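For reference, the structure discussed in these notes is given below.
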């Protein structure tokens, strides 16, 4: 019972915060709300016997990425949305595009829901610690990561290097060294 | 015991929210945030499935997704900064010169 | 050694073609003539050796290499010398040498480069002709066949800057091509039936079969080959190129269009005598076409005003005689006439060349006359040639033409015999019309340079005299038994017209038996039949002699005695005269029926419609389609990121839906 309660609480928080994220005018508020959403997700991860992932979520996502977003928002002084002129010659008007997008998203939910209904009612043995000690532990994660997925691991490091270089280059001012 | 489906529904809803956000908002930063929401939704799915299958693969994938998301966010924000410098606007509709 | 015979002129060609421009006329002309004389020498030696062999096995073969080895098709590049090709090579190299010598004087006014080019072509022609004659199989003969066609084109159009000359060259080549097409089909037909293209092998295979009753596969093959021969040897329907070929230098007309190339068709039939003998229907066609051509050409030649045109039609007519002979089975007679004709026709052409040379280019009979006194050598040799061709008894033409007519009569073709007689009358008439208008009567020309004319220079005169002697004496090897001769030529040639297995030693034995007089019992019975045979022959000889002499007399009467008669006839029968003068409008007919439709079809049909509309349309259309498609597709490039995102989402939904569906 308590597991269900915890689950619903965290789920509600995550969904609610996300809804607010896309509803806010001020991007600063959006960022902060998203941090809240991430926190909720982290809770869900813990419930799923993934402590490392949960912690990583807080550290990386909420801690690093969102802070980066905040920095950029402050740098660009993007306090509110400004309306740019929509190209008149465009076949689809701007507002309609948004509505079309929302519709498509709804369709997506329907589709996914239908897919889920085909699932056949499997359960996640959440909360039972039968094999919980091994599962999700950092030891286990490390072992699998550095043996079976070594190549991906190394490749990711290069990816990060590329991203770093790219970010520096892209954000440079013209004429700077 | 929480059924797997519950987690998946949450994930699907979050994903849909993210998608809607991409279309609805006219601020580049907010669009990027919506994309982060989508990625997180997917992460949740993976972990849930991994737990249901009983092995570590779900979490491994999540590990990588997070890394990639970080890199992508960094580069994306750099791009936004560069674009902002060019047009003084964060509205995606301001950048339509690459059309027929 | 046989290979040397065509090799000498080929070498001459190579030298003159490459170095000719830098050589003086004496060197290039002398070299070419020397090559021909060397070839003649080797030919004579080869024939001498051949004569020393037994009659039934008189064949010398030289295989050079295996040319084509492809499954069932095995063709070697091989030369074969037998009795028939012996006669041919002597004619080609002998008369060829004489004409080369003549040309050194005739073509003297050309530049060094042009002079050398002429001789290179002439040598090349001789090389190809010899390959044609010596070839042991159809393909090799065809190589020569095509090669002489090429050289004919080159030489007819020698003065290519003159429009009529280059047109005539093209006409000759194209008309020949039509015949060549039929020839190739004939070759394929032979191969399909007998699996081989070697002459001896084909003859042996055919000899094993009975003669065809009706028109069958063998007759078809023979007919196709004969059509090829009509192209090369200017018979109906492919003769129209020969009169136009007179645009070429006169020695070329003498060599190619009188003595050698045009006889290739006759030779080809002789070479395939066994094949043709087994196709009676085709033989009939050959004989009829030969006779018809002879008569038709004779009538046209009667009214022509160009000295070379008359001779050209005369050639067509005499070739008709040769084909008539081949068609009735008298192969030996046909070759005999080929041989004598080479002499007197070459003589007549070269004589006309001397006249043209003396008159500095005048060729119209109406502007000649009275040249008898001023060009004596030319006149007398020309006269001898005319007498020979008319068939006056004692000279070569008489014996050969008579043998043809006799054989025709004896084989039962009375109508054809009559046509032949009629043509003989015409031949005598138009020939002497030519003589009288050119040499007799008052002088109707001014003459270049104030009147004094040069007779033939030494080189030309020598050749004319040699040919004149030949025209008289050449026929003596074919004097029939009926008047006391031994007809050695016939005896010599006969084994060549039979399949290798069937040649019996009896042919030679009869000759020796005659000398020994030992087999008299057999001889007595045979002689009784022979006697009536011979009496008939003598009687027919008498008839043809009378015809020839009356033709000459008629010509003398009309064109010497009472010139008004000729003019009256022209005035009273203008339509007939015009018909003959315009060669029965055959060229115009061909133009309207064949050339123009092809031209229109090509221009309107193939070019304007197919090429422009269909092919260009397809190509341009492809471009237009791509262009339209691109115009349509580029509207996707909206430039708006959000619309791109929506497209992405739609795609995701579709793919997801597809997988869920499955």
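A, B and C are the chain letters, set down in written order, and residue numbers restart from 1 in every chain.
Assume a residue touches a chain if its C-beta (ideal position, glycine included) is under 8 Å from a C-beta of that chain, and two chains touch if they have at least 3 such contacts.
Nothing here was measured: the structure is a model prediction, and the numbers come from that model.
Trainee: Determine which of the two chain pairs, A-B or B-C, is joined by the larger number of C-beta pairs in contact.
Mentor: Result: the pair with more contacts is A-B.
Trainee: Tell me, please, which chain's centre (mean of its C-alpha atoms) is farthest from the centre of chain A?
Mentor: Chain centre farthest from chain A's centre: C.
Trainee: Roughly how far is chain A from chain C, going centre to centre by Cα mean, in whole Å?
Mentor: That pair's centroid distance is 98 Å.
Trainee: When the centre of a chain is set as the mean of its C-alpha atoms, what distance in Å lies between chain A and chain B?
Mentor: Between these chains, centre-to-centre, one finds 5 Å.
Trainee: Could you tell me the distance, in whole angstrom, between the mean C-alpha positions of chain B and chain C?
Mentor: So the centroids are 93 Å from each other.
Trainee: Hunt down the residues of chain A that sit against at least two other chains at once, touch-wise.
Mentor: Touching at least two other chains: 87, 90, 97-98, 100-101, 104-105, 108.
Trainee: Spell out, as numbers or ranges, the residues of chain B touching 2 or more other chains.
Mentor: 19, 22-23, 93, 96, 99
Trainee: For chain C, jot down the residues that touch at least 2 other chains.
Mentor: 635, 638-640, 642, 645-646, 649
Trainee: With touch defined as at the start, can you tell me which chain A residues reach chain B in the complex?
Mentor: Residues 3-4, 7, 11, 14-15, 18-19, 21-22, 24, 27, 30-31, 34, 37-38, 41, 44-45, 47-50, 52-53, 56-57, 60-61, 64-65, 68-69, 72-73, 75-76, 78, 81-87, 90, 94, 97-98, 100-102, 104-106, 108-109, 112-113, 116, 119, 121-128, 131, 135-136, 140-141, 144-145, 149, 152, 156, 159-160, 162-164, 166-171, 173.
Trainee: Okay, in this complex, where on chain B does chain C touch?
Mentor: So the residues of chain B touching chain C come out as 19, 22-23, 92-93, 95-100.
Trainee: In the complex formed with chain B, which residues of chain C make contact?
Mentor: It comes out as residues 634-635, 637-642, 645-646, 649.
Trainee: Please give the residue numbers of chain B that touch chain A in the complex, ascending.
Mentor: 1-10, 12-27, 29-30, 32-34, 36-37, 40, 43-44, 47-48, 50-52, 54-60, 62-64, 66-75, 77-82, 84-85, 89-91, 93-94, 96, 99
Trainee: Note which residues of chain A are touching chain C in the complex, please.
Mentor: Touching chain C from chain A are residues 87, 90-92, 97-98, 100-101, 104-105, 107-108, 111, 114-115, 118.
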